[in-house]
Amino acid sequence: MSSLYPRILRRENHRSRSLAVSIALSLLILVAAYVGIECGLAAYGLDPLLVTPAAAVGWLRSGEIIVYLAAGLAALVGVVLLLLAILPGRRARHSVPNDRMAVIVDDGVLAGALARDARRIADVAPERVRADVSKRRARVIITPTSGVPVDANAAQATADGLLTELAPRPTVRARVSVATAGEVGS
Amino acid sequence: MTRSNRIVNRLILLVLGLVLIAAAAYVAGGRALGLPRIPNPSVGVLWAIVGGAVVVIVLSLVWILSRGRGRIRHLIEDESSDGSLTIDAHLVADLVGDALADQPDVTAVSSTGFRMRGRSVLSLRVTVRRGADLARVIRAVDTAVAQLDGVLEQRLPILLQVTGAVRARRQVR
Amino acid sequence: MSTSAPATAVAGRTDVAARALERTVAAASARHLRVPVRDVRITLTDAAGLLGITVVAPLRLPPLSGAGEVQLMKRGDDARSDIRVDVERLTGRKVGPVSLRLTRAVVLHEKRVK
């Protein structure tokens, strides 16, 4: 099992691009089938389904505006595919060390846990605390109640404590800030 | 999904992307750059295209059909001379899901199995509420899994995913 | 059945016998797995002259916390041999391989109000 968990965690933390390739290849099959059929029909001198290859080539050479638009669209799709190929596609998750299991936690869940602790420390309503978690940083923003100061140091310590206890990987550093403008009412 | 599959996926996307961009550039600006005009489709060219289309379709189908491997339903299989005993991943998930029923933060437990390096891995997905006590949930799963290890008399590899979003898949609860 | 033409009579008799056999095996399986009969799926085959049985069904189990000494694999193997003994006794046929596939766990808590 010792070599299994690192592999599993690596696989879970990045997208495989499997879906993108499935969609791309499915469309490619449709296009290739159509083009193949048209060319086959033309090779036999039969009537085309929609347009003959010769007519299509003529249209491509014609320099009409719509040809440029189509080319632009194709280039755009090509760029999207390139990006999908190159970008790492990191998923919004972190792994949490555990003796027995491989544990993966959504960043949203981590953020929720941080927000919950912050809310308890600051003693404000849930909607007054916002938490975001990215690859290496967590931000917690507390909007205090007017006239009721929030101990920022205690809040920071609580967040750091939670992150130390859970120890998400890649390591996350939290920054807890208390908004200068509070809200009246609890 | 193996490591090489992931690399192949990205290569496929890379090639498709480059081909599209090159084709678009050729059509839009080919003549301006002094490239030859798009050739008239002679019979030879037409058959070449048909052949190419067939190859593309076959390769694409091969890839599409080779997807989705790795998922298994049988987590444990024990064959003997007088038959066999098979345990589905769902049974194990039922046990764990029941053990987590007392946890207020857990809203759903679902499961699947997959094979990696010749071993069957149980994949548990636990859905929790917003603002859940994460440490407590993980501890609860730890406890349930420790009991499960005793019941199965073996320590299965387990992947635990803690998520906040609900996916419409088989749910144990 | 006795008034139909010979060929149909033989076919009809084999069919009923096969289904009755399946029902017997299903009932025996349901009893040993402690689950309702309707959740049990049985497939009967010939295994080198012996009766081959495949059972696909859930299994009643105690909750993990109270499971204590439950050993799942042993429980499954015990169920297989119990089914084998029962079917041989009830049908008079010799049973070959018994393949048991446990699909779900029916976890029943005693004294719990849901």
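Going by the order they are written in, the chains are A, B and C; count residues from 1 in each one.
The working rule: a contact is a pair of C-beta atoms (placed from the backbone, for glycine too) under 8 Å apart; a residue touches a chain by one contact, two chains touch by 3 or more.
Here the structure is a predicted model, which means the values were calculated and not measured.
Assign the assembly's chain-to-chain touch graph to one of these shapes: line, ring, star, complete, other.
Shape of the chain contacts: a line, open at both ends.
When you average C-alpha coordinates per chain, which one falls nearest the overall C-alpha average? Tell me, please.
Taking the mean of C-alpha atoms per chain, the most central one is B.
More C-beta contacts across B-C or across A-B?
A-B
Could you tell me the distance, in whole angstrom, between the mean C-alpha positions of chain A and chain C?
48
So what's the Cα centroid distance for chain B and chain C, whole Å?
Roughly 34 Å, centre to centre.
Which whole number of Å gives the spacing of the CA centres of chain A and chain B?
It comes to 16 Å between the two C-alpha centres.
Given the complex with chain B, which residues does chain C contribute to the contact?
So the residues of chain C touching chain B come out as 53, 58-59, 61, 63-65, 67, 70-73, 76-77, 80, 84, 96-107.
Over in the complex, which chain B residues touch chain C? Could you list them?
So the residues of chain B in touch with chain C come to 74, 76, 78, 82-88, 90-92, 94-96, 98-99, 144, 147-148, 150-153.
So in the complex, the part of chain A that touches chain B is made up of which residues?
Listed in rising order, the residues of chain A that touch chain B are 1, 3-5, 7-8, 11-12, 14, 16-18, 20-22, 24-26, 28-29, 32-33, 35-36, 39-40, 42-43, 53-54, 57, 60-61, 67-68, 70-72, 74-75, 77-82, 84-86, 96, 98, 100-106, 108-110, 112-113, 115-116, 119, 126, 162, 165-166.
Would you tell me which residues of chain B are touching chain A in their complex?
Chain B reaches chain A through residues 1, 3, 5-6, 9-14, 16-21, 23-25, 27-28, 37-41, 43, 46-47, 49-50, 52-54, 56-57, 60-61, 63-64, 67, 116-117, 119, 121, 128, 130-135, 138, 141-142, 145-146, 149, 155, 157-165.
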